[in-house]
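Below: one structure in C-alpha cells.
Read from first to last, the chains carry the letters A, B and C; within each, the first residue is number 1.
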Amino acid sequence: MMLTTDLYGHDLISTQEWDIGNLDAAIELARRLKRNRYGQPYSTILSGKTFFMFFYNPSVRTRQSFECAATELGGHAQFLEPRSMRLKTAKTAGEIIEDAAKVMSRYACGIGIRILEDRISSYGEGDDLLREFARWATVPIVSMAHDKYHPCQGLADIMGWAEWLGDGVQKPARLEVLKGKKLLMTWGHGALARSWCSVQEAIIIGSRFGMDIAIAHPEGYDLDPEVLKTVQQNCDKQESSFEITHSPEKGYEGSNVVYSRNWMSPNAYQDGEFLKQAEIDRALKLKDWVCDSVKMSKTANAIFTHPMPIDRGREVTDEVASGLRSCIYDVAENRLHVQKAIMVLTMGNL
Amino acid sequence: MMLTTDLYGHDLISTQEWDIGNLDAAIELARRLKRNRYGQPYSTILSGKTFFMFFYNPSVRTRQSFECAATELGGHAQFLEPRSMRLKTAKTAGEIIEDAAKVMSRYACGIGIRILEDRISSYGEGDDLLREFARWATVPIVSMAHDKYHPCQGLADIMGWAEWLGDGVQKPARLEVLKGKKLLMTWGHGALARSWCSVQEAIIIGSRFGMDIAIAHPEGYDLDPEVLKTVQQNCDKQESSFEITHSPEKGYEGSNVVYSRNWMSPNAYQDGEFLKQAEIDRALKLKDWVCDSVKMSKTANAIFTHPMPIDRGREVTDEVASGLRSCIYDVAENRLHVQKAIMVLTMGNL
Amino acid sequence: MMLTTDLYGHDLISTQEWDIGNLDAAIELARRLKRNRYGQPYSTILSGKTFFMFFYNPSVRTRQSFECAATELGGHAQFLEPRSMRLKTAKTAGEIIEDAAKVMSRYACGIGIRILEDRISSYGEGDDLLREFARWATVPIVSMAHDKYHPCQGLADIMGWAEWLGDGVQKPARLEVLKGKKLLMTWGHGALARSWCSVQEAIIIGSRFGMDIAIAHPEGYDLDPEVLKTVQQNCDKQESSFEITHSPEKGYEGSNVVYSRNWMSPNAYQDGEFLKQAEIDRALKLKDWVCDSVKMSKTANAIFTHPMPIDRGREVTDEVASGLRSCIYDVAENRLHVQKAIMVLTMGNL
C-alpha cells in the first residue's frame, strides 16, 4: 500500500506548519521504512536524483543521516559548504538567493539547509534565510536544524518516544500513546552553548500531539516567546497542561519523558556577535542543573531522551544516559527513517 | 537511436580542439537528455563508475552540475580538493603529475579539473596543468573551467542561445540558427575580478558556429591575443564579422545575444602574484560599463546571457537580468545536460 | 561460485589479526573483482549501504580508492572529517566514542578510519582510537592507515608482488609464490617524515606468507619493537630468515622485492609533539639512502615496490621508479580491488 499525501513539493521548516495528518503520515512511513529498510519501492524512489545539503555549520549526525537517507532511497546527497558559495551579503559582492535558488531547483530534487546560532548575527536570521530560499526555490527546502527549529529531530523524537512508551519497537504504538504523557524539557549545564532549535521543536511537536509540557530552566534562559506562545496554543487546543519552572528538580515529578539539554541564553548575541565563551562560562557554574538518577527516581518511570551529541556529566550523568530507560540511540536512528520519509513524501517519484 | 561518435577517451580542454561534428553530436545528445532526463539507456551508463573532480578553486554551480550529471548517469563524482594532494611543486616535496594521473586512471572513468586565475602565478599555468594531466592519464581530462577556457560553459551557452533564438525549448532549433546572429561580448564593471575563461570560450564557440562577434571593453582589458586570433580565423572561415570596440554602448546595435561580464585585465599578475584587490578597485570606477535596458533597447531584441553567478547592479541591472529576454536560468540548467552528454560520449559504456 | 568465509562483521585493524585462510580468501576475491570489475553479483552487493570514511589525516589515494570501492559495489562512501565531530578529549567538551560509534552503527555498514603520526601526541594513540571505536561499533572498523598498521596496503602489496613474481597479471600466481622470496625493506631519505604504517604492515604480511625479510635503515630509525617481534615469530613459524642491517647497500643482494620508503625515527615525538621539521632535516642529510639502478643490479632481478606517493629522487631514482621492474601502479590499482574484497567479505549482503 502506498501512502497518499499532498506533500509533494512542500517545504519543511517547522513541523508546526504541517497538518497533523501529514505528520502522522510521515511517521507512519518512517515506521515502514524502519521495518523494511532497503526494500522496494522506496529503495529506488530517488533514483538518479540529487539532494543538496548546505552546511553553514558543520555537523556529523545530521550530515551522516541525511546522506544515508538519500543513498538508501537510491539517490545521492551532495555535501556543500556555503563558504564557497559567494552569496551576496551586506558587506560582500556575490549572488542573490533568488538566483542561487532558481538554478539549484534545476539541478536538485530538494535542498537541505543547516545554519545555527554562531553563523548569524541575531536570532531569527537563519529562519529568514531558509524562508528566502523557500520563496524562490521550486523544490522543497528542508531544515537540517536552524536557529529556531529542527523539524527532523522533532519527528525522530516523537517516533522514538512512542516506540518506548507503547508496546515496544517490534509493535510500535501509534502517536496517540503520547496524549496525556508529561514531557519535561529541562535545561542542563554544559560547555557547548547550544542552539534552541531541538528544544523548541520538541516542545512544539510534543504539545501538538497532546503531551503535557513542563519546561525547567534557570532564570535568564527563556526560550523564544513566539515559540512559547505556540506551545501554549497547542496545549490549549489539546486541553493539556503547560508550565515553566525555575527549579532544577520540581519538573521531574510525574514525568514520562525527560529531555535534559543545554541551551544558550537570550543574551548570547550582543552587537551582532555570538558570545560563546561568556555563555559557556556562565552555564558551567549552574552545576545543579544535571539530570541524574536521583531526579529520575521522582518521575513516572520516565524515559530519558536527548538529540545527541551528549555532554555527559553535565547535561546528564552516565548512569542515566546509558541506563535502561535511555532511548537516545533509538531516537538517533529514527533521524534516518524520518528523513527518508520526508524525502519520499516531498520529493519522491510516487 | 544511439549516437555514434569517436569521442570515447577524448579530453575536453577547449571546444576548439573538437571537430564541429562532435560538438554538434554533444549538443544533440544534451537535447535528448534534457527531454528524457532520467530515462534509459543513459540513466545507468556510468553504473559503478567514478568521475574525479579536482577543485583547485571552489565552485558551487560547477560542482553541483558535474556531481548531478554523474549521479543522473548512474555513476558517482568524487569531490576532491588538491590542497590535500601533496603534488610536487618548485618549492615542496610531493608527487609528480605523471604518478598521480597514472594511478587515478586505474580508479576513475574521467577526471575534471578546475583551476582559475587566483591559484596560479601567471596566465596559462592552469592550461599547462590540464595538459600535463592529459599527457599521462589514460582516461579523459575535462576542464571544469581553467584560466583559458571553459568548454562546458561554452556548450551550455550555444545550446541555450539556440533554444531562445529558434522555435523555443519544446522544439529547439538546431545550432544552424546561430549562423549570422550577432553576439556582443561586453565587459561589465564589478567587484569580482573574474577569469577570462567563460568569456573566451563563448567567443570561440560562437564564432565557430558562424556568429558575428563584437567585443566591447574599456582600454586595458584586452583578452588573450592567441584566443582573439582563433576567433578571427573562425570568423574568416565562416565569413562572419569580428570587431572590437572600446565604447560601452556601440556594440549593442543589431545584437541578437548580449553577454555582459566582468573580467580581469592582463596586468592582473605581477611578479607571480594575482593582484585581486587592485583589479577590483580599478574596475569599480568604470560605472558606465553596465548592461541596462536603455542599451538593450538598441539591440535586435537580443537575449541576455551570463554564465552566473551574476554581480547584479554592476555587470547588469536587475531589470535586464530578470527580464523576459534573460536566458540565464536555462543556460545554467544546460550545464547539467551538456556535461552529461560529454560524460556519455567520452566515458560511457556505449 | 561464492566464497564462504566467517568474516561478516569483522574489523580489519591489522592483517596479523586475521587467519591466513581469510587473507587468502580476500586476495582470491580481489583477483576475481579485478577480472570482472563491474560484474554481478558484486556490483550491487552494497546497494543502498553507506560506508563512513573518517579522515583525521587528508589523503588522496586512500580516499579515492575507498570511495570508488563502495561505488563499484553499488553502495556509497561518505567522506567525513573529524574536525567537525566534536569528540570529547582531555581538553575539550564533546561526545564520547561510545556514543558516536553506537549511533554510526545504526546508519553505516562499516567505518573506515585514517589517523597518522601528525594527528596524535604519541605513537600508538591512533591504534588505541581504532580499537575504542571497534569496542563499541556493531559494524566493522577498517583501518585506512593508522600509526601502526595499514592492512589494505599490505594486502595490495602481496597481491601485486604475487602477480609480478608469478606468471603475470593475466594468470596471477597464488600467494604461495611469495614463499622463500626475499623482501628488502629499506629506508629512503626524503622530505616527508613518513609514518611506519605501510612499512610495518608490509613486513608483517610478507613474513606471514613465508618471505625472507631484510630491513635496512640508518642507526636511529628502528621500527616498533613489538612489530619486529611479530615479524620474527612469523619468520620462525615459516622457517624463513629475518635480518636487520644498517648498510644502505648490503640488503639488496639476492632480493626479489625491494621496497624503499622514508620513515620517521622513534624520536619524532617529544613532549606530545610531532617534530616534523626536525625529522625532515635529519633525514635529508642521509643521501646514500636512495634506491637506484646500481643497487638494484645486485638483486635477483627484483621488482621495485612502493605504496605511493613517491618522493622521487630521494626514496628512489626515476630510473628505478619508472623502470620495467616497477610494480607501483599495479600495486596502487590493487588497493581498489582488495578494499572491495574486504567490504564484500565483512559488510556484504552475501
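Note that contacts are C-beta pairs under 8 Å (C-beta built on N, C-alpha and C of every residue); 3 or more make two chains touch, one makes a residue touch a chain.
As the structure is a computational prediction, the values presented were derived from the model and not from experiment.
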Self-check item: Type of chain A:chain B copy interface by residue overlap (half), same or different
Solution: different
Quiz prompt | When chain B is superposed on chain C by its C-alpha atoms, the rotation angle in degrees, nearest 5 | solution = 120
Quiz prompt | chain A-chain B separation of Cα centroids, rounded to whole Å | solution = 41
Exercise. Hunt down the residues of chain C that sit against at least two other chains at once, touch-wise.
Key: 76, 79
Exercise. Report the residues of chain A in contact with chain B in the complex, numbered from low to high.
Key: 47-50, 52, 75-76, 78-80, 83-86, 88, 93-96, 98-100, 102-104, 106-108
Quiz item: Which chain A residues qualify as touching chain C in the complex?
Solution: 37-38, 43, 58-61, 63-65, 67-68, 71-72, 74, 76, 79, 190-192, 308-312, 314, 322, 328-329, 332-333, 336
